[in-house]
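See below for the structure under consideration.
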Amino acid sequence: MASQSMTVSPPPAPAPTQFTTLGEVYETAPRMLSPEAWAYLDGGAGAEETLADNLRAFQRWRLRPRCLAGVVTPSTATQFLGMPLAAPILTAPIGSDILFHPDGQCATVRAAARRGIVPVVSEASHWPLETVAACADGPKVMQLHAWGGRDEFLALVERAERAGFSAICVTIDCPTLGWRERIMRRRFTPRDDAWTGNCVGPPGAAAAAAARLSGGRGSEWTWETLADARPAIGLPVMVKGVLTAEDAEAAVAAGVDAVVVSNHGGRQLDGVPATLDQLPEVLEAGRGRVAVALDGGIRRGTDVLKALALGADVVLVGRAAAMGLAAAGEPGVAAVLRLLVEELERSMLLAGRADLREIDRSLVRRSAD
Amino acid sequence: MASQSMTVSPPPAPAPTQFTTLGEVYETAPRMLSPEAWAYLDGGAGAEETLADNLRAFQRWRLRPRCLAGVVTPSTATQFLGMPLAAPILTAPIGSDILFHPDGQCATVRAAARRGIVPVVSEASHWPLETVAACADGPKVMQLHAWGGRDEFLALVERAERAGFSAICVTIDCPTLGWRERIMRRRFTPRDDAWTGNCVGPPGAAAAAAARLSGGRGSEWTWETLADARPAIGLPVMVKGVLTAEDAEAAVAAGVDAVVVSNHGGRQLDGVPATLDQLPEVLEAGRGRVAVALDGGIRRGTDVLKALALGADVVLVGRAAAMGLAAAGEPGVAAVLRLLVEELERSMLLAGRADLREIDRSLVRRSAD
Amino acid sequence: MASQSMTVSPPPAPAPTQFTTLGEVYETAPRMLSPEAWAYLDGGAGAEETLADNLRAFQRWRLRPRCLAGVVTPSTATQFLGMPLAAPILTAPIGSDILFHPDGQCATVRAAARRGIVPVVSEASHWPLETVAACADGPKVMQLHAWGGRDEFLALVERAERAGFSAICVTIDCPTLGWRERIMRRRFTPRDDAWTGNCVGPPGAAAAAAARLSGGRGSEWTWETLADARPAIGLPVMVKGVLTAEDAEAAVAAGVDAVVVSNHGGRQLDGVPATLDQLPEVLEAGRGRVAVALDGGIRRGTDVLKALALGADVVLVGRAAAMGLAAAGEPGVAAVLRLLVEELERSMLLAGRADLREIDRSLVRRSAD
Amino acid sequence: MASQSMTVSPPPAPAPTQFTTLGEVYETAPRMLSPEAWAYLDGGAGAEETLADNLRAFQRWRLRPRCLAGVVTPSTATQFLGMPLAAPILTAPIGSDILFHPDGQCATVRAAARRGIVPVVSEASHWPLETVAACADGPKVMQLHAWGGRDEFLALVERAERAGFSAICVTIDCPTLGWRERIMRRRFTPRDDAWTGNCVGPPGAAAAAAARLSGGRGSEWTWETLADARPAIGLPVMVKGVLTAEDAEAAVAAGVDAVVVSNHGGRQLDGVPATLDQLPEVLEAGRGRVAVALDGGIRRGTDVLKALALGADVVLVGRAAAMGLAAAGEPGVAAVLRLLVEELERSMLLAGRADLREIDRSLVRRSAD
């Protein structure tokens, strides 16, 4: 496997960071990036309505705390698809990771492991999956696109299994790249080596793999493609990008173990609903037959609380973790995860919930307007 | 026919344009225009509530994509009133066209033909209809106002038929000009030769025709006027400006083939609803007896998707095309049409719809707030 | 009558004004006034929520036009309490009128007469009612406060009758002055002679009358006070300030002929609803037993259209007329009235309504959001 | 009692203040404070959604005035838990009071007494309760946290009883400090002596008491803890921080006399509803078995009117009073209370309500949007 021979520059020792709020991380990130990389990280598709709505959706819910509940040390521990988690949080996959920091998702994986958080590792990254897997112990999920032929796909699954990943996450909302105007205005496309780290092998095969990853051409994948491949996958399978009851039903029928209610952080089809707004529809269609995760718009501990109260098992944080990566590499990601978990703990304490099992529908009500 | 003797300055060869987003076109246009012409192009009537609402209405709907649909090359082709279309888009008529570019709608017609788009040619323009018709092959629609006597009107219809137009579009929401405060504040009125290109003939007749076009005096036209004239029109007839069930019923009764749900881009009676908000009412009243087009607020491929999902057969783009005309003449219009179609294709791909027949009500839901 | 001996400086000949929009009038007014007078004119009470809501309420309704209605010359003529009106508009009473222009409401009355508009003349003004009445022919309404003893009140009524007024308007929402923070912050109170023009007679009586007009002390008036006085009033009676069904019922029981749905332009109790939002409740309670006028937030011809479509017989314009007065005296008021009527006519033409009888509930629908 | 030996610097004689609106007080306060103290006073928790919503909630209601009600001198007098009140207003407890002014809550208590307002004295303040109690006659309430052991708590209750307090207010929404980002960003924590004034006694005991007050660790208190302690409290008991029916029920079951619908001014768990939005739920659960107060967002007399119309017996003002304290010490607080009561009186007059018994549900309706 060619990836074995790629050199990973040893990441600098994590400098101590002293971020006290995510806002500080978000303010630091653009100062560390080129305008192009910032546009790529911060931007969404189209008019960025979905991007904005992802955040707004959390404001449509209010928390109903329980006072004098005797909570002293709330526990945020849980498990997801058999993986233990210090908090109900995974990091979402982000491609072209070295646009944000030379360590790319190696830093993310190390920071996540340090916090007991499970990372979902991106296929379209600079670092090959084997390199990333070797960065830290602890459970990890490998993300793959629903692109190309069955054999190519299963070859990547096999590499992930061998590298020790605990689950596969198939991204289904990316048959082509979204209409991302901020980078279009800058005539920016990530350079090839930012996202072709897994296109390894003899020259021709690598080129083919890279071609497979290029946007702009659609994908022949259907739910049948996935159903056919499912038995050949020895790990639990999540599909990321489910927004409707129809797709939730299809996912169950295809044999997946978990769905991620996701709109790709507002980066794919603009105008789709906020993920939190679609969670009830997906949960109802899933009827307990799949685990349900959610990403999009998670910026605070109280956002996690609301997503869980509305039925999500866990959340994924994509942009927020990448902001930490951009701001300060591994310590930046670690700071983001620390702050999210601390605010979650603080919020559970104030809401009178001792552990995640006590977070249910009674914790939320719709906002008054 | 006097128009034959009018000299059309040969338009400059389309310079290559490199607009990547409609936003860039909108930013370029005002730099190419006098403040008066910009006020005329960009402005609406009254407090511009309808103008704003036309855009806002699209935000009231969210898209429900279908993933893993196996779409690789979506088709945007369709037909309207028997005319083939590369995409479900027509350009809307805009009067006083040479305010925006010396080529006026000649440029629009050429750009539309290049993209397989049907243009609706304005009566109140600088260039006579025969000149415009000769600019490019491909189907074209001639727009006429519901003004003046039956004979004058039918004479124009006859000219359009002879010039090879494929349909007639009668504008019904313009018995007088809207209360347009931006140009009122500038004491601006388009100069006569900007909109009297079709007032041809002997001096007296031309003056009479020009007088007929002047705003500020109302129109004696009723639905009966149109119904009486209908049998004498050998082409399909659209009426533009239908916003209510009552008018949709009247249009059907008058024998028209298509209605355009339109509020004249917010330029006539301010305070009328957004066109997208009135589409259901018109569709219900039409009960399949007329084709239904919509204009107002179309700025993106996802807007087209929403309009079609809610039942429109095609959309018209007025201001957007005119922005392209102002920004760069024919290549500017062509860029606008190219971007709209590209974003539409990309959006169909991401929404999992292979062709326009798959765009139905299941693609949309109301926004959460 | 002492007012006879007061000298009215002959107003300057109306300079020709060329306002083309009300916006220009609103921009001119503050340039002609001291900051204190501007705060008094433009400001409302409290947080100015009601002031803003009065305007916002019109945006909650959309117009449903009728096309091809054959309207050429719409008629805005009507009558109210037996008074003929060129348009369904009265000017509302504004106290301390010489703060805005030396001619005060003399200018307003003249401008109104010139336009066929009925003015409601303020009691708390610089110019005595007899002087004002002599300024112009045509019907006029005298406004009086629900303050002080029955005899004092009826003495003013008698003066009004003798001076030729056609109706009495009793303001009921002003038992004390509103909590007007803009003028409180400026420590501003209109000087006495701005509002005591009707406190005429021997020194003691004038002082008593002035004392009666002072704010800050409440009023002993009840609906019974009005009912008792009603038979002694030989003119039609309007009450201004009705916002609820309860007060509408009480007004009918007290024998009044018309109610004005009014919140004093947001200048009295802040936090009360927009007048347009209360119109249905008042109409339902009135059940056709009283004429119904509305003021508050009228800035355009389309506002008039909406108020009438929702059931008002006429509207009053207060601040808008006073802006004209401040901007340019009589010609300023005349310009405001001209623009309102012109935009109303234009809007009727575009809405396909030939006269006021055709303006009914079918003309409006709620906004989509 | 060690507090006896603490020296209270004699407060400066109240300078005459001339605030005419609360806005002026709010503008003055930040000019008198360090940025850190201002962040502490003005800020809330998290994204400050609850802070903003507390204010917004009052805008969701409109007042329905009654005209010609014959009100001349409205009375705002009432009583609460047996304490007479010149107006239905108490000052809310605020910790770390000397951050805002050296006199801290001594000034607040004196100003309140001067206005016939009952102050709720904070436990976590610089000045010991005995000192504060001695500042002024008139009824006062002592606030205590639901922290630490039963005996420590009851010892404080006993001190309060001995010092002459009339009631106890137990804060239940503060098991730990809220996630207050404005002060986190400034790395600010109030210095110890700002809030440990009641940690008196031998060195070890004082340290223990201070430790008890530190945030960040949760509280073992349950409703049973309170129920157990209740019989040992010889005074009426309020609990502050009730937002839900569940907690209202629990409060009744624990034997409390009054609940305060409160979210700690948006300073504890961000994302909880506005207090005014939760008032109906709490009232319904309480079914008349407890008195109900409300705090959060009271900035005007009309806010008091709305809270009472919706069922609150009294309101507490926290931030507004502290703004007065910061702006000008005792006279500042007195000015705030004066303005609130004056605007309340004015509003009752304009709403036609002669006393608080006439303020009922008929006074309010929901806003139109």
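In order of appearance the chains are A, B, C and D, and numbering begins at 1 in each one.
Here, a contact is a pair of C-beta atoms (placed from the backbone, for glycine too) under 8 Å apart; a residue touches a chain by one contact, two chains touch by 3 or more.
Quick caveat: nothing in here was measured; it's all calculated off a predicted structure.
For the self-contact between chain C and chain D, the two sides draw on mostly distinct residue numbers; the shared fraction is below half.
As a whole-number value, the distance joining the C-alpha centres of chain B and chain C reads 43 Å.
Contact with two or more other chains is made by no residue of chain B. A ring topology is adopted by the chain contact network, closed into one cycle in which each chain touches exactly two others.
By the touch rule above, chain B contacts chain C in their complex via residues 46-47, 49, 53, 56-57, 60, 146, 172-173, 175-176, 178-179, 181, 184-185, 187, 217-223, 225-226, 241-244, 246-247, 250, 268-274, 277.
Chain contact summary for the complex, chain D toward chain C: residues 20-21, 23-24, 59, 61-74, 300-302, 305-306, 343, 346-347, 349-352, 362, 365, 367-369.
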